[in-house]
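Structures follow.
In the two complexes below, subunit A is the common chain; its partner is subunit B in one and subunit C in the other.
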Partner chain A sequence: MKSEAAALLPRGQTPARRGRPWALLLYLTLAVVCLPFLLPMLWMLASSFKTSGAIFGNPFSLGAADLRLANFTEVFTRYPFARQYLNSLYILLITVPVTLLLSSLAGYGFARLRFPGREFAFLLTLTAMMVPSELTAVPQFLIFKTLGLTNTHVPVIVLQVFSATGALAVFLMRQHFITLPRELDEAGRMDGLGYWGVFWYLLLPLSRPALATVAIFALLNSWNDYFNPLIYLNDEALMTLPLALQRFTDPLGGVFWNLTLAAGVLVALPVLAAFLLAQKQFIESLAASGTKG
Partner chain B sequence: MTPTSALSRHSSPKHGSPRHGSPKQRRQEAMAGLAFILPYALGTLVFIIGPLVAMLGISFTSWSLLDTPKYVGWANYHKLVQDREFLGSLGVTGLFTLGILALNISAALGLANLMNLRLRGISAFRTIIFSPVVMPVVAWALVWKFLLQPQGPVNSALQGLGFQGANLLFTPGTALGTVVVIEVIKSVGLNAVIFLSALQGVPKEILEAARLDGAGRTQTYTRIILPMISPTFFLVFVITLIGALKVFTPIWVLTGGGPSSATTTLLVYMYKQGFGFFDFGYASVIAAALFGLILLTTALQWNLRRRLVFYEE
Partner chain C sequence: MKLPGMLLCLTTLLACTAGAQKVNLRFSTWAGGDGLALLQQLSRDYSAQNPEVQISVEVTPFADYGRKLAIQVASGDAPDVGWLAERDVPTFVSSGAVLNLSPALGKDKTFNLGDFPLSTLSLWTRGQAVYGVPFSNSPLVLFYNKDLFQKSGVKDPLLQYSQARWDYPSFQAASKVIKDKTGAFGARVMRLDPKAWAGGLLAVIWSQGGGIYDNAMKCQLNSPGSVSAFQLVSTMMFKDASMPRPGDQTDFASGRVGMYFDNLSYSAQLRDAAFKWGVAPLPKGTAGRVTQLGQAGYVVFSKSRNQAEALKFLKFLGSAQTMARTARFFPPPRVSVLKSPAYLGSNPAIPASSLKTAVAGQLSSARVLLTGTNWLRVNDAITSGLDRVFQPNADLQPVLDDLCKQIGDL
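Then we have the complex of A and B:
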């Protein structure tokens, strides 16, 4: 059976069978191909320990003197980086649950309930999904300026929730609810549940994978959001991490690369660690958001 | 007839509740539906759709931060078609998009074929190729900006190889290409994974039949595998194209649109006009132009889809 399966592969897909030199060559190719993907991250990590003087030297010549954590402490003691980290975290803790709630509510409405204007409302959702949020930046800015909410976190949170991310979340939740058998709803209704009860007690508990998909890309988009914070946040203490990374400069704009890269490690590490722990979910989520968005 | 199919016969072809029930029940359902979508729909209307319409309106005004808006008709549009910087940014957007499309799609296909190898430890390779996709974009751009400093490792290496004064990111001739490469390395893993799943979806029986018929490896690849994955090709083409039009952050962090506008795409130009000079009217015209471009691409996509793509069935 096994050999039959192997025979079905096109020639060239079973290099291991062609002997060692061939496999070795392939491994070597793969290693070289990996370099542009892996090296920048390793370089960042290695450089984050260096002094600003040694930063342009060979990054991987890590002597004992090079393993210093001074950059990491300096980032927190001389800059409001801790505050900015908390800003990003608490914004994330608002935007992700709110996105999950709004998108599953709307997704259920679009998938299951019949109401006038449904098709049109859904068309608007698709439009919101397609339009890059940058296009609507000027009118949005005028709204928040009129409300006196520039230089606060309100526009950053609100626009994150209703941006293309939010629309995509609604779209994915709707697609998900359509796949659930309608008999569930009918059984629930016979047992006396209302629309809310069906949604909350029956369908939502069955939606964990879809919710995880939405949560992951909502989380990444919130953590990485750059454009809106760039427009709305001027106060250093209000800034989020993507902006904070560009604040390690001298008064003339010269960049302290050692601090910048150390801070970059602190921003990237949690995300990369989460990716390594839940690779399958991350890839599924990003593929879904990439192909639908 | 199974109970399931009997039930589904009652529901209308479009999803939604079966069309039975008293008018009162129908009204109840409509109210519930509106209530469920209300929080999201209201927000989208106010913060996305409204601004989208307003953007088109503002494009007919002269409006800056301290001014009140003045209706100026098509003046902004006239200015736009004669604005060398705008035309330049249109060209940059075109080159950037073409570069991304060519490099990303060919690299993604190549990587997908490597990922599809049956080798021990190939999943580690997949992980590595994909990891820049999850890397925070500003951190990614900043590492590259560091690596590409005039005295940084990349340029030093090039100078060592005899390219005197190599300075890839800060020379107008090479900046755009460099940004394209950095953006492709960041995002190609996603397309590669999409191609990979398409490659794995090609039925083995077809490949075997081809082999029995004496098709060579190249022939099998170009005549069978590639046509079989053409829907994926098309999907990847479209998402990469529209994605390229939306790129702002890495460009802004890497170059700020420079040197001498060499990397100023439409979005960067719009940002400069809108939030550098606070010329809201003119920024809105640029946004309208980009909106038109996105609509055009989407329409083109629907047209091409029928003609270029082979679907089974």
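Then we have the complex of A and C:
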């Protein structure tokens, strides 16, 4: 194959060398397209070190005088930011595995098991994605209030697992399981596996890309969840990071941008790190779910 | 024991149990940092004086404070006492979510509602009913960069004020000289957030005899006074080039703006300022020197199950003694506290004489923006309308006529 392709090129030119100008143009175009996404992040990073006055003075400058860590230390010393960081982390560590477990089980059920009302139950699950959270806020609040669970993390975790994110996860897993050949189930059954065995030993190991997609959505939605913590949490020490970012204001709501942006960098870092570490898996999983689904 | 005797014993027992029960009051706020620490301390102090009452302080970010309160009220889970922001007052009062305090406060001589000037209560009053007690009464003041004034050789605004020369023509002239001699912007009247245009620009409009609404709540943005205010700002932006145009993010804290209108609480943002600054009264317009009050107040929610205790706690929070303690963070509406040497000397960054002139001296002509329940939509319409107003060579009268028509349709 390689020699056939090389034969079509002018003498002395390899495929890589021939494609170089186009690649350069492509990279330039991509770099320009990246700018609108990259600039706000760079501005946030540069501003997180500055005093409030310097932030709007010369937005992208970062001289030696600007490199001060006072904003970062103040975020931790004057506000319960460390506690709020831990809150977000532990909620994430619960919601992501639970979402993965429940969505894969529900997706398997909807894709593979036959039971009365299956399609209706699936449709009902999908409605969680279609109804805006503001509409269901009051009845949900009344339920948690009756159970005495307001001002705890329970509603934040439960609503993350069972609301729109959970429904999307079930939908993704169901679509994935539908694409897997039924012959796998039959082979498993011939070897003596039950429904659970087929799910656990055969189908789940083949579902890594779909599970990665669900994990990433669950992670992002849990980390960025603003509405549920806003409604259910009253105690500053129980707050999660999206709420914490809104707390750096003066008594009349004027924003302390230096503190907000320093905290913003700290909030964005884990998500950026997770994406950089798992970007290959992420892109593969999206591509896989797109082509097979 | 006969039945009446048993009932009597049971009733006495229940009454004793109820008497011994602690009342748990929920107090809602958006305060943060040191302000929150002070409120928590005040709550502990109140519980120490009233051992049967326990206060839990609940915190919500300012941005979504009204939204959360609305859900809590709708779910029957409203707090007992709380802060209420100026922008949310019309909605919560008209929906009956907050309690009329006048029966409890009106005749209470110790509380002395008369200590609050009428201008500070207008936002919270409907007829004889008073629905809230302001705790923060932050008038717009002029922040000015002393370094830029010195470099450009313009007279200090406080000096011009003392010579009765501090008016809008002097303001415009000072702004232009600063721009010409230093290259920095001379003045900024609007905040960075376009939706917060009223905080600053409205004081200019009022001082020229205009306004957003007249007494019948009809749009007044196209009145001669309003047009002349917009014309002044437009000239400073496009002809003098001494004021940042909409979209320009140069703010006062950067040190590249000579004068800036904002509430007194903005001084908290100037802690790290690398230049000398001061505060002065706003300039005088053709209709007087009118400044705008930024307010927040204490309310008792109608659905509170402990209304009597909630009212007592509100009286404690709104008392002169407590306001003297909170004055470090919130400019006090009580005249007795506002003029006290303790308050005037409480802000190390602002000399007592400046505070007295720029704050205490302006309250008699200060106004609160009174809006209807559709204010959010009206504000959106004005915000987008200002894009057409602040254009080079814009014909202001027809643009503002059209804006008023839009507001009337809402």
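Simple rule for what comes next: the second predicted complex is superposed on the first by the 235 of 293 C-alpha atoms of A that agree within 3 Å, B and C clash if a C-alpha of one lies under 4 Å from a C-alpha of the other, contacts with A are read in each partner's own complex, and residues count from 1 in each chain.
Methods note: a contact is a pair of C-beta atoms (placed from the backbone, for glycine too) under 8 Å apart; a residue touches a chain by one contact, two chains touch by 3 or more.
The model shown is predicted, which means the values in this text are computed figures rather than measured ones.
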Touching partner for A:51 - first (subunit B), second (subunit C), both, neither: second
Touched partner set for A:115, first subunit B, second subunit C, both or neither: first
First, second, both or neither for A:191, with subunit B first and subunit C second: neither
First, second, both or neither for A:235, with subunit B first and subunit C second: second
Touched partner set for A:41, first subunit B, second subunit C, both or neither: first
Winner by number of subunit A residues touched, once subunit B and subunit C are compared: B
Partner chain in contact with A:254 - subunit B first, subunit C second, else both or neither: second
Which of subunit B and subunit C A:103 touches, first, second, both or neither: first
Set of subunit A residues, in rising order, touched by both subunit B and subunit C: 56, 59, 137-138, 141-142, 230-231, 246
Touching residues on subunit C, where the partner in the complex is subunit A: 26, 28, 30-36, 56, 58-64, 67-68, 71-72, 74-77, 85, 136, 138, 192, 249-251, 253-256, 262-263, 265-266, 268-270, 272-274, 294, 296, 329-330
Parts of subunit A lying in touch with subunit C, wherever the complex brings them together: 51-59, 78-79, 137-138, 141-142, 145, 150-151, 230-231, 234-236, 239, 243, 246-254, 256, 258
Subunit B contact footprint on subunit A (complex, rising order): 5, 7-16, 23, 26-27, 29-30, 33-34, 36-38, 40-41, 43-44, 47, 56, 59, 102-103, 105-106, 108-116, 118, 121, 124-125, 127-128, 130-143, 158-159, 161-163, 166-167, 170, 178, 181-183, 186, 194-196, 199, 220, 223-224, 226-227, 230-231, 241-242, 245-246, 255, 257, 260-261, 264, 267-268, 271-272, 275-276, 279, 282-283, 286-287, 290-291, 293
Residue ranges of subunit B in contact with subunit A within the complex: 4, 7-8, 11, 15-17, 26, 29-37, 39-41, 43-52, 54-55, 58, 111, 114, 116-120, 122, 125, 127-140, 142-144, 146-147, 149, 151-153, 156, 185, 189-191, 193-194, 197, 204-205, 207-208, 211, 217, 220-221, 225, 235, 239, 242-243, 245-246, 248-249, 252-253, 267, 270-271, 274-275, 280, 283-284, 287, 290-291, 294, 298
